[in-house]
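Each in structure tokens, the structures are laid out below.
Heads up, the next two complexes both have chain A, just with different partners, chain B and then chain C.
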Partner chain A sequence: MSEERMQPLQSSLRVQELIYGLRISEVMTNKVFAVSRNCTMRDVRIIMKENAISGVPVVDNKRVVGIVTMNDLMNALEKGRMDDCVILWMAGEVQTLAEDMPLSFAISAFGKFPFRQFPIVNKKNELVGIITFRNINLALIRELSRQLREMENQQENPADENSLALVKVYQLHRYDFENGGKASSEIKRYLKERGISSKLIRRVAVASYELEINLVAHSIGGMLGFDITKDRVKISSHDRGPGIEDVDKAMTEGFSTANEWIRSQGFGAGMGLPNVKRVSDEFAIKSSVGMGTMVQAIIYLNSEEKNEDQRA
Partner chain B sequence: MKISELESEIGFECLQAEYEDAVLSGGYTSDLLSDVMANAEEGSVLVTIQAHKNTVAVASLTGVAAIVFCNNRPVGEEVIDAASQEGIAVFLTGDSQFLATAAIARHLEQ
Partner chain C sequence: MDLIRVADALNAELIWGPDDWEQIQIETVFASDLMSDVLMSDRDNMLLITSLSTEQAVRSASIVGSEALMIANSKTVTAGMIELAKDQDIALFVTRFPKYESCVRLGRILEP
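Entry: the complex of A and B
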């Protein structure tokens, strides 16, 4: 198993798994310097200079109403208008991100928008942090060194051959029904060879196959990751978009956005996500339009108890 | 009833005979693969018109032992190849899903 983990392809995929596994809240800067509407550009200049930052959100009652960047500051400076209120110079249309989004959403946002920082808000839409590329780099370095240490430990104390432990990531492409199902078959075989009961294997297979087909049928592409320990199978599905508009609806049995072609393939009955939830012991979904969808399903290997026929 | 009796007793045409002949645990009729995924039993026969590779994948993952394709739907070679790799029996009939299901159900009761 340790050999497999050392393969360069698998390890670079671990970086991907990592950016999906981390939450924005774990990576962002918590200490945010913000100003209110009636502060001047001169105030902002002092804050930026003293704290070596490149953007300051403008807030009104904890809500983000704008952001002043280095660029805005230079424009004001050039025109000799440093005593103007920030509202005259700030960018009013601010793209914020939610603190509980996976880090991958933030990375897509940096690719999609020209901004160098994004204010982070909580569920109440209040400013709680700010994220820059620097935060992301630091977090990745930190996590990668941690994983490297783990891998070194593993090499020193290799797991025995019958061990269940496996980390594996599959890439899936839009409309590639030809290969949809491959990952599930491989994982099914893997678990069968290790003597896992057919009931449990079936639950893993259902969750993994539905997620695989979802990636192929509905996303523009993504990955399906398996993290197996002796206690559980964790399946994570991540895609790059388009994102689900109404997650509650998507979780409703019978609701489907599938087109005719997908239906002609035998899919699009609106049972995919409900099926995954039904067979999983733990289930979580997070989606944002334009950024992607993340689904995580966990199936415990020591509890055959969950009755598959029980409708969620 | 045993899988082979789908041919010998009911008269479905066997397209893929590399399988282990066993007693069928039951049957399920559906063209929606997620529905099959959720409800088909291990060791059962699936009656469907959905004649493509995904059907074989779903059958394999759920442990369906035999597939009957109805209405004489054309069955591609890739479907047969996939089924033979998985050891799943494949049959073809001109009957509709309704008639095929009824015929199987009669024999299952015996």
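Entry: the complex of A and C
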């Protein structure tokens, strides 16, 4: 296994895993310069100049109501209207991102919208930070150096044959039912060879297989990652879209957006995500339309306690 | 109950099985064409009966730890399914009986 771990593909996939694993809140600038509605464009110019920033959110009672960018500032300057209130020049339609989203969502947002920065809001929709490409670059460099150190340590002290530890990532493609399931079978075999009980293996295999099927049947493609330690199996599924409109509905047994073809394959009964949750000790899902879906399922290996009888 | 008794009761044709397949113990039967339902099952020593003759049926059976897979209605078994059954070490049969009749026949010998 240690041989595989060194393959360049696996390392580049670790980078992908990284951008899904980091939260926007860990990457953004917490110190935000914002102005209120009645500030002037001249005020904004001073803030931008003194702090070397290119966009200033406009807030009303901590809620973002607009953003003034360098472009808006130049337009006002050209017309000699620097004493106007910011509301006359700001862009009123602001795309904000939530602080608990994975970093990958922010990266997709930069690809999707022409903006150079996104205000970040908390659950109460209050401004808590701002994110630019600079933040993302710095965070990636920081995390990559940390991972590189980890991998070097691993190389120096290779894990012994019987160790359970494994990090492995699989790519899955839309409608590729033929390969949907390979990852689960491999992981199942891996755990079996290491003497994990059949009940635990079944839970890991079911969670992983349902997520694989979801990736091939519902997403435009994505990846399934396994991070196994002696205590737990962490399965994470990330896709590039289309994203789930209503996550609560998707978690309702029987709700499905599957088409006839998926149904003809024996799936699409609307049981997938609820079934992943059923077999997992910990379960989390995040989704955003146009950006993708991330699911994380953890199954502990030291307790058989979430046993099948107490489940629905 | 030995798998060979189950196979006999259904006049089933063995497509592939591990060396000791005759002695594999079957305690419960799950019959469904909906793999989503199969994936909710958590029983041991199980035989899966299905008319869905696809690789995903073999895969689903294996994922839930089913010991054997019976394809009902004499459905054609593909080379890919046989390959997968070998790889997953799961006994694969075909019977001419439909699902309901298969269940009735097995019910007679499984239930006391």
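Note that in this section the second predicted complex is superposed on the first by the 306 of 312 C-alpha atoms of A that agree within 3 Å, B and C clash if a C-alpha of one lies under 4 Å from a C-alpha of the other, contacts with A are read in each partner's own complex, and residues count from 1 in each chain.
Operating definition for what follows: a contact is a pair of C-beta atoms (placed from the backbone, for glycine too) under 8 Å apart; a residue touches a chain by one contact, two chains touch by 3 or more.
What you see is a predicted model; the values in this text were computed from it and never measured.
Under the clash rule set out above, the superposition-derived model of chain A with chain B and chain C contains a clash between the two partners. When the two structures are aligned on the shared chain, A:Met90 is found in touch with neither chain B nor chain C. Touch criterion met: A:Gly272 reaches chain B and chain C at once.
Residue contacts after overlaying the shared chain place A:Phe177 against chain B and chain C alike. When both complexes are overlaid on chain A, the residue A:Ala106 reaches neither chain B nor chain C.
Under the contact criterion defined above, the residues of chain A that touch both chain B in one complex and chain C in the other are 177-178, 180-181, 184-185, 188, 198, 202, 205-206, 209-210, 265-267, 269-272, 275, 278. By the touch criterion given at the top, residues 177-178, 180-181, 184-185, 188, 198-199, 201-202, 205-206, 209-210, 265-272, 275, 278, 308 of chain A touch chain C in their complex. Interface residues of chain B, counted against chain A in their complex, comprise 31-35, 37-38, 42, 50, 52-55, 57-58, 60-63.
Chain A meets chain B in the complex at residues 177-178, 180-181, 184-185, 188, 198, 202, 205-206, 209-210, 213, 265-267, 269-272, 275, 278. Against chain A, in their complex, chain C makes its touches with residues 33-40, 42, 44, 50, 52, 54-57, 59-60, 62-65, 80, 87-88.
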